[in-house]
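We just call them A, B and C in the order they show up, numbering each chain from 1.
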Amino acid sequence: MTQTSLNQGITYAVYSDGHKGAEQIFPFDLFPRIIPAPDWEKLEKGLIQRNLALSLFIKDVYSERKILKDKIAPPALIFPSHHYSEEMRSIRPKHDIYCHICGTDLIRHSDGNYYVLEDNLRSPSGVSYVLSNRDAIKRTLANAFRWSSVRSVSEYPAELLATLQSVGPKSEERPSVAVLTPGPYNSAYYEHSFLAHRMGVELVEGRDLFVENNFVYMRTIHGPRRIDVLYRRIDDAFLDPLVFRPDSMLGVAGIMGAYRAGNITIVNAPGTGVADDKAVCSYVPAMIRYYLGEEPVIPNVPTYLCEREEDLKYVLEHMKDLVVKPVDMSGGYGVVICDRLSKAELEEVKQTILHDPRNYIAQPRMALSVHSTYIENKGAFEPRHIDLRTFTLMGKDRPYVLPGGLSRVALKEGSLIVNSSQGGGSKDTWVTV
Amino acid sequence: MTDYVIEYRTLTEYEKPVKQGAYEFLIMPCENETQKVKHFRLLHSMRREPFTARNKYGFLTHHFHIHTEPFEYFSLNLLAQVAKNPPPLDVFSNLSAAEENAVLGGIEFQMDQQSFLQVTPLCFLGPGDFPAEVLRLEGENVGSYLLRLNASIHRLLQYVPGITDAGTQAKTALEMGKGVCQDYAHVMIGILRPQGIPARYVSGYLNLSDDRSDSQLHAWVEALIPQVGWRGFDPANHLQENDHFIKIAHGRDYLDCQPIKGVLTTEGAHKTSYEVLVRNSMDYNWFLQEQQQQQQQQ
Amino acid sequence: MLARIANTLYWMGRYLERTEHVARYLRVQYFTTQDAPISQSREFVLHSIVNMAGIPWEEQAPLEEAEVLYRASLDPGNPMSIFSTIANARENARGMRNVLSSELWEVINKYYHFVNNYPVEYFKTKGLYDFTIAAGEHCSLIRGYVDSTLTHDEVWALIRLGIHLERTAQIARIISCKLYDIFILTEGKENMPAENYQYTVLLKLLESFDMNRNHYKAPPDREKALEFLILNIDFPRSMAFNLRQVQYFLRKLGIKDKSAHSVGFKVGRMCSQYQYLLFSEIDANVGEFVADALNKVYEIHDALEKDYFHA
């Protein structure tokens, strides 16, 4: 399997010290994870519910702030966040959709239930692996399985394109769509190029775009072509050097003005990161009750917010049973699994938390589900921890959840961190019909 | 009503040709209850006309996005005739200090005004950075406090042109005891916001009554007084906003009100000069004359 | 097609084509000195190479053979070397992998690794022939994959546009260099055998010797060599042929001949001129003619970059 992947060039460059952007293969394990149809039906319902509540929450934060005025969530949760965007105070995205693409991470507890670990609302990645994994497994195991009994994932690019087209700035026209990438040196460039290619849309870099009269254009050999919907895979801070980081070479000067004028749709909307924060995540069940008047279908992993005094006290007293995470980092960076630490290291973590409690949460070291995984250097199947990255799309009146998702495996024995950037691997995920 | 003619001139010369550039100007006087732009003219050295956009607080910006013809200099002149009515000077509400506090402390109020209550890095001040007497006293009305604070800040800093720059923080200016209008404004904001009084940074043009010409844009502060509304204070001159103040825009701090922002591709250095002129058009009707001349030429 | 992508593909074609001509020039110039009818000094040949490959060399410094060959071929420090050029081509291809066939990418990559891994010491002592022949073969292989594994669409047309524009320029440069060599050699005096030999070398520098003989059925001389390389419309290493190809690929890309300053107009004008030109008309000042043609090719390139690639 490793050989197939290498030739196809499915890679994931890792940010770490040493030489930047080294291409690393994302290991793929053949043994699939199977989710029975009834389980999936419930998850699908829960993920859409969650996405709706999150979009309503983000809209509320940037407009009336009812949830804060009604004291359901504390303002201290929102405004100090790096991802809060003052720009969005004066912008209403088309159809009030903020998180068109959401990657929610689930785990399955030893009690058999699924819990939400976190939501990724900025640029969730990994969907290209789901599609490539499926292609690879079909090739390899063509005869061993009856494909009619597993739900297909291949319609994802078409669904994504339809989602993007449904939120075009002028409803009556078919909008032109492009994918904005930071370029080939980005760790997820493969995915950017994969998605653009499968959707049949242009893959652009910031330098291909310019703004004139509050419209966004790309430079082609036949002159400027207008872009209506931009699926951007760069962070907010890099979007517009006139508004955010002035040193950004990746963005487009003036794009926020075009967005405010209603001439382009940016996907996901800037400022959605405010709900992506791990501390905010713990309020999602409350949001679901508040905005939708429903009970959450999928519960959260219990989360202790260190900024709350009683939670902080609990965290400091029960460090050994907990996993501590910074609220605003992704990719598994900064995660501390406390029972692995020496006394001195524990003390250090405690001091770090006390220095800036707002920045940390803790979660019980929930027994992540374990699953048989083929371990290459041992030549045997062994149990490994896995989680599930799901992909939810929200266009105008068209919610969609990719059946299955990316099961990520911690390949190191006993490791709990499954992120590809931290040496995790992946598995195909089968939802039965 | 007073009529002003405002001129904003800038010239930037580049050592090497600029291949691509995007500029955003925030220099046009805004329109509100007390001021109206009667005419304006924008002259510049670029081959294409600018387009306008709105910034996040709704203020008008002019954009030049150049990506075809390289250029070696960029000059821009804004000439605007503005009619200004005296803004209200009343700062006293009919509320008691306790009632004012109830308004300021309300979650509705705080959430609606959050943009101008959140401290930014440029105006951050710690409790030890300023003398305690500049804080609001118990029982002191917001209006009286603002007048007192305006005077205190005027005394705290000495006006020294060129001593600070666009990135100077309120804390640094206070430590030096020196600064320009922008620093006075940041200090005042840094003191007001943590006390729950919404304050915003204002950029604009100031007509100086004497013959002195202020060659820079001016900066002052607007604070929100319960029941009364937003009122302007100029701690640099120890004035309340009056009909000599012509506002361009407001924001959280200087960064939201930068008159020129540019992103460009060039290799060499550059040199920029600015000039700001404010004239009472009753005294100087050259503006009209010039306009007539221009029409004749056309 | 995005202007940036177009520019990258076009340059990929140009870079690939360029390496082949530089490699061949090194080999032919170097090895024809071995059996020349009149002795060509080493110094003379090295000067010619320095000239053609655009190697920066101090005016008065003596030319050291191994060093000249190294700088022209494997030197990563020389932006004009074969190594730097193929590295650029590969870098361009790397960013374009989603529009190229993987087979094409692989042969480009293979060429790069061949040059990158070529042992420098071996090259300096005995590898020149082997290296330059292989470079030419890699280029042919790549062109084969360009034509046989890509859809003949805009991507393909842009690579081919780059190849033919570069080839036109390289033919002109090689003719210019050789005319200069001949001028130096003969010092203005009549020396038919030496001169005719140099025209044979010129044809070999462009792998045109055999086809020239087939065409004229007579040994080459000045007129036959230059007419063939400049004006022959059917021979793929003539300027006229390649200009027509450039015109063909511009049309394929939908780049129309409109105003007098347009790329299409410039190319079209050159093509028509070459089609109805007699060698006798340019015979007297062929050096100027070729130099002027080279300038026009560079103008075409500039207009392309400015109007279509926005580079």
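Assume a contact is a pair of C-beta atoms (placed from the backbone, for glycine too) under 8 Å apart; a residue touches a chain by one contact, two chains touch by 3 or more.
Keep in mind the model is a prediction, meaning the values are calculated, not measured.
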item: Highest-count interface - the chain pair sharing the most C-beta contacts; value: A-B
item: Farthest chain (mean CA position) relative to subunit B; value: C
item: Central chain of the complex, centres being mean CA coordinates; value: A
item: Distance from the mean Cα position of subunit C to that of subunit B, given in whole angstrom; value: 61
item: Centre-to-centre distance between subunit B and subunit A (centres being mean Cα positions), rounded to whole Å; value: 40
item: Centre-to-centre distance between subunit C and subunit A (centres being mean Cα positions), rounded to whole Å; value: 50
item: Shared-contact residues (touching 2 or more other chains) in subunit B; value: 67
item: Shared-contact residues (touching 2 or more other chains) in subunit C; value: 310
item: Subunit A-facing residues of subunit C, complex; value: 1-4, 6, 94-95, 97-98, 102, 154, 253-255, 308-310
item: Subunit C contact footprint on subunit A (complex, rising order); value: 7, 9, 183-184, 193, 196-197, 202-205, 207-208, 218-222
item: Footprint of subunit B on subunit A - complex, ascending; value: 65, 68-69, 71, 75, 79, 86-87, 89-90, 210-214, 241-243, 246, 253-254, 257-258, 260-261
item: In the complex, subunit B residues that touch subunit A; value: 22, 24, 51, 53-58, 61, 63, 65, 67, 107-108, 110-112, 114-115, 118, 252, 261, 263
